[in-house]
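Below is one structure, written out as structure tokens; the observations come after it.
When the chains are written out, they are named A, B, C and D in that same order, and each has its own residue count from 1.
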């Protein structure tokens, strides 16, 4: 085996070390690279922007758990900031038991930032188990599934919820999720009740939902940390999303360099020693 | 598509003729719209014009308790004088109206989802400019009723029935002894080798049936494959380890493995502790399975079923301990990772074909034939749809027609 | 009784759940909701069976003095604490919540983040332009990777557009095709289960 | 030393224990691994009990309450709550070999119910809607959109053909299937590339936790 061939057998722990360095470096030297806005993000932004102030509330379903916080939390914050800055009322709920604390924290933080009043400008409905049952139930009457808000106030006593019965009075519902919950919203809220659904998903789920954007089953979508960064750029409020994109750039380039170098080594070593081909089968 | 089951969100623009009609109607109907017991609405001279053309119908395709109300916007809406529309309901045509909802200006429809079933109901729509409310004529009677059939889903019903017929027909044909061909599925051809390799090396085989519950059809497909794999490991006397992430899946898989061992007469070799529950929690499960991989160093790892983000952690850990890995999943998002990290991967529907392929049971092969025929029909539908859309775009046939066909298809 | 009853129950439950989709009438929907709640409850009951299996496996390790049995004790402590705390109270700030937030969440989050390392090593190891298919895979991956980060925009103007095109055209076409195929496979398997053709779930007794 | 700090420190040490697995398997990882398996198994046992068994069975049957409402002993609601309880209990029959087969009754309902539940929505969302989305006009090949639509239609047909199992992939069918696999591979490459970002995001999140929440150095 020649030197190039040996490179292909390199201990993968060197790659791990390189990744670790790459993720830590931008923490020390921020770069602040520019962000381009994509259509699904612009669409979602426009949909939120079109909601009349102090009217029917924007619903945000915080359907993620702590494992996807780095990608989805910045989205929640950016959308909440957008809504509150335009005096749009917000109702937050969660279909993930682990999302309760996350939803509450994000909502209270941004509401305090804009001096918003609970029950007048925003409401936290809390968690209900049984995803499809909740989504379907909200189509009949929100009060059936959320008889009271997270702190025990009956919905009938919450001023901003007056007249809000089901999806017909919800101009837009945004689900933020790292799982297939998005599909539940599409199948059980959009399909039967024609609810307008927007989504914020992890980068990995995003490709899955492109067909739904195309068919109009989703109004718009934020994909991964970049989606959050784009939204932050649209509302002109840079935060964790934009910051994280620097680390992202470095690691993406590193992986591409690894692929390129790996292929050069592979073809170089094969010319001289053709028998080294094999090992892991290609697709 | 949209609007097939509910209202369109678009509001009607108020055109010239509409304004005239609405004003006329308002003038004509005005007195009737002012019942004596509604004191908050005195007859003003320069009042805003009430909405006309109020229409209330039982909401279609629902479980009852709901009425759809629509109206023509007040002519004053376009001038921005309207604050809101309030919808009133009563059991009588001209008394006892109570508000049931409120909508913003520019909106000309409302779904009253609290309507009592089976009672004659009357509706009125009042327009408000902030100071007073002006009522429309009442419309009625209308009854809210539950429906026994969801008309919007007739296409789904027909398509589903067609599919059932296709499957049943080919299953019966297969039972009758028709010879059925099945194309090669690369990963599964190596199943025997993979089991054989484990036997030679004296190392176990790890079978991971995904993280989903048995309610996921992919998990059931995995269980079917496990049955075939267990038969082989029983024959070769190779240890089969099955860590589960769902307790019901575990219960089912214990049955399946035990039965497979019994079938080849090796019930003594079955160890119930090898088919066990770890935890339902996604990455706690991954932590546990990764530990099993690095300590047991299985010769072969099979990933079959529904997978989420954990796929690559598992497959890379498996690759690092030198296992032969065969994966199969219908999780489109995870397929790229299995393809890069595993030796063979069953893509999407191939997972469902696997049990037929491995068992060669005629009824299962028949079902597969039925699927293929449906696929051919779908391909044809897409081609025909594309052709008619093209013809419409070229102006040969009207778009209306295509739209109708596509929406109802 | 052993074979026909479960198959009959399976058929009846399946047919009911399938046709309720078309019947909005409350008399049917009420049963649908009831049955759905029963199914979820059934799963909840099964958790005890699963936990018993886990406990038995590790009790076995301890009983037979298998190497590393100390870790089985660690597992028992974790399990015991959660169940003990859990039945006392689960509100935020409770010991149950403390364990969840400071043991389960960080370990799971960290396991998840290992993917950043593994995705790099997988790309390096497997992305070799050996065949046409493999080449397309690695080219598409590289372009999309560049297009997802701001650096890509700086490198060449057309990279984000190319990324969008790959995601919206070839990616969409293949995803849609796979989705339809998977849909057919799912429905066929579900149907075969209801009809009792596919019966591996009950041990495949035939 | 308050509880928050203790919690954060515990979480940070466990985080580092898991990362040590990247170097090699070691006692710290084994400790974290067994701990999290135990803790999470306990978590789900408790959560599922309180979210399902308690409200649907235990509360109505023994405390005669559904949610906040009282029910009658022996009434319809009471019996309806008893059924899932009995179904759940017969699952445990598997612990007694002689009557183990009874547990299949509950499994039958479970498996059958979920099988049936999926059929129509899958037909709607995964098949019919996708056919609608896939039938695009392919005229105007002098524009980008025309070609895009043509590719979408051809790619979709190719992918579908690839999943033909009962015919040999030869001739036209073989050609289409080949086109299909090309599209599939490009799609997979795109998914892979697209995913890198979310994985790195998670790593950034953990590093943020260690450096900011725990050590407070950034």
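For this structure, a couple of remarks:
Methods note: contacts are C-beta pairs under 8 Å (C-beta built on N, C-alpha and C of every residue); 3 or more make two chains touch, one makes a residue touch a chain.
Note that this is a predicted model, so its numbers are computed, not measured.
When chain centres are set by their Cα atoms, the one at the greatest distance from chain B is A.
Here the largest set of C-beta contact pairs joins the chains C-D. In terms of their C-alpha centroids, the spacing between chain A and chain D amounts to 17 Å. The mean-CA centres of chain A and chain C are about 19 angstrom from one another, to the nearest whole unit. Across the assembly, chain B contributes residues 1, 63, 153, 156-157, 160, 163, 213-215, 217, 220, 248, 251-252, 255, 277-284, 287, 290, 295, 309, 319, 332-333, 335-337, 339-341, 347-349, 353, 368, 371, 375, 378 that each touch 2 or more other chains.
Across the assembly, chain C contributes residues 18, 21-22, 36-37, 39-40, 42-43, 46-51, 54, 68, 104-105, 107-109, 111-112, 114-117, 119, 121, 123, 125-127, 133-134, 137-138, 141-142, 145, 148-149, 167-168, 171-172, 175-176, 178-182, 184, 186-187, 189-191, 193, 201-203 that each touch 2 or more other chains.
Multi-chain contact residues, meaning those touching two or more other chains, occur in chain A at positions 12, 16, 19, 23, 67, 69, 191, 203-204, 207-208, 211, 214-215, 224, 226, 248, 251-252, 255, 280, 283.
Against chain A, the residues of chain C that register as touching in their complex are 33, 36-37, 40, 92, 105, 108-109, 112, 116-117, 119-121, 123-131, 133-134, 137-138, 141-142, 145-146, 148-154, 160, 164, 167-168, 171-172, 175-176, 179.
Chain D makes touch with chain B in their complex at residues 18, 21, 25, 29-30, 32-34, 36-37, 39-41, 43-44, 91, 94, 103-104, 107, 110-111, 114-115, 117-120, 123-124, 127-129, 131-132, 134-140, 149, 153, 156-157, 160-161, 163-169, 184, 188-189, 191-192, 195. Every residue of chain B that touches chain D in the complex is listed here, in rising order: 1, 153, 155-157, 159-160, 163, 180-183, 213-217, 220, 248, 251-252, 254-255, 277-281, 283-285, 287-288, 290-291, 294-295, 332-333, 335-337, 339-340, 347-350, 353, 365, 368-369, 371-372, 375-376, 378-379, 381-386, 388-390, 392-394, 406-407, 409. For chain A in complex with chain D, the residues that touch the partner chain are 13, 16, 19, 23-24, 27-28, 67-71, 97, 129, 183, 186-187, 191, 202-204, 206-207, 211, 214-215, 217, 223-226, 244, 247-248, 251-252, 255, 283. Only residues 12, 52, 55-56, 67, 140-141, 162-163, 165-166, 168, 178-179, 191-194, 196, 204-205, 207-208, 215-216, 280-281, 283 of chain A touch chain B when the two sit together in their complex.
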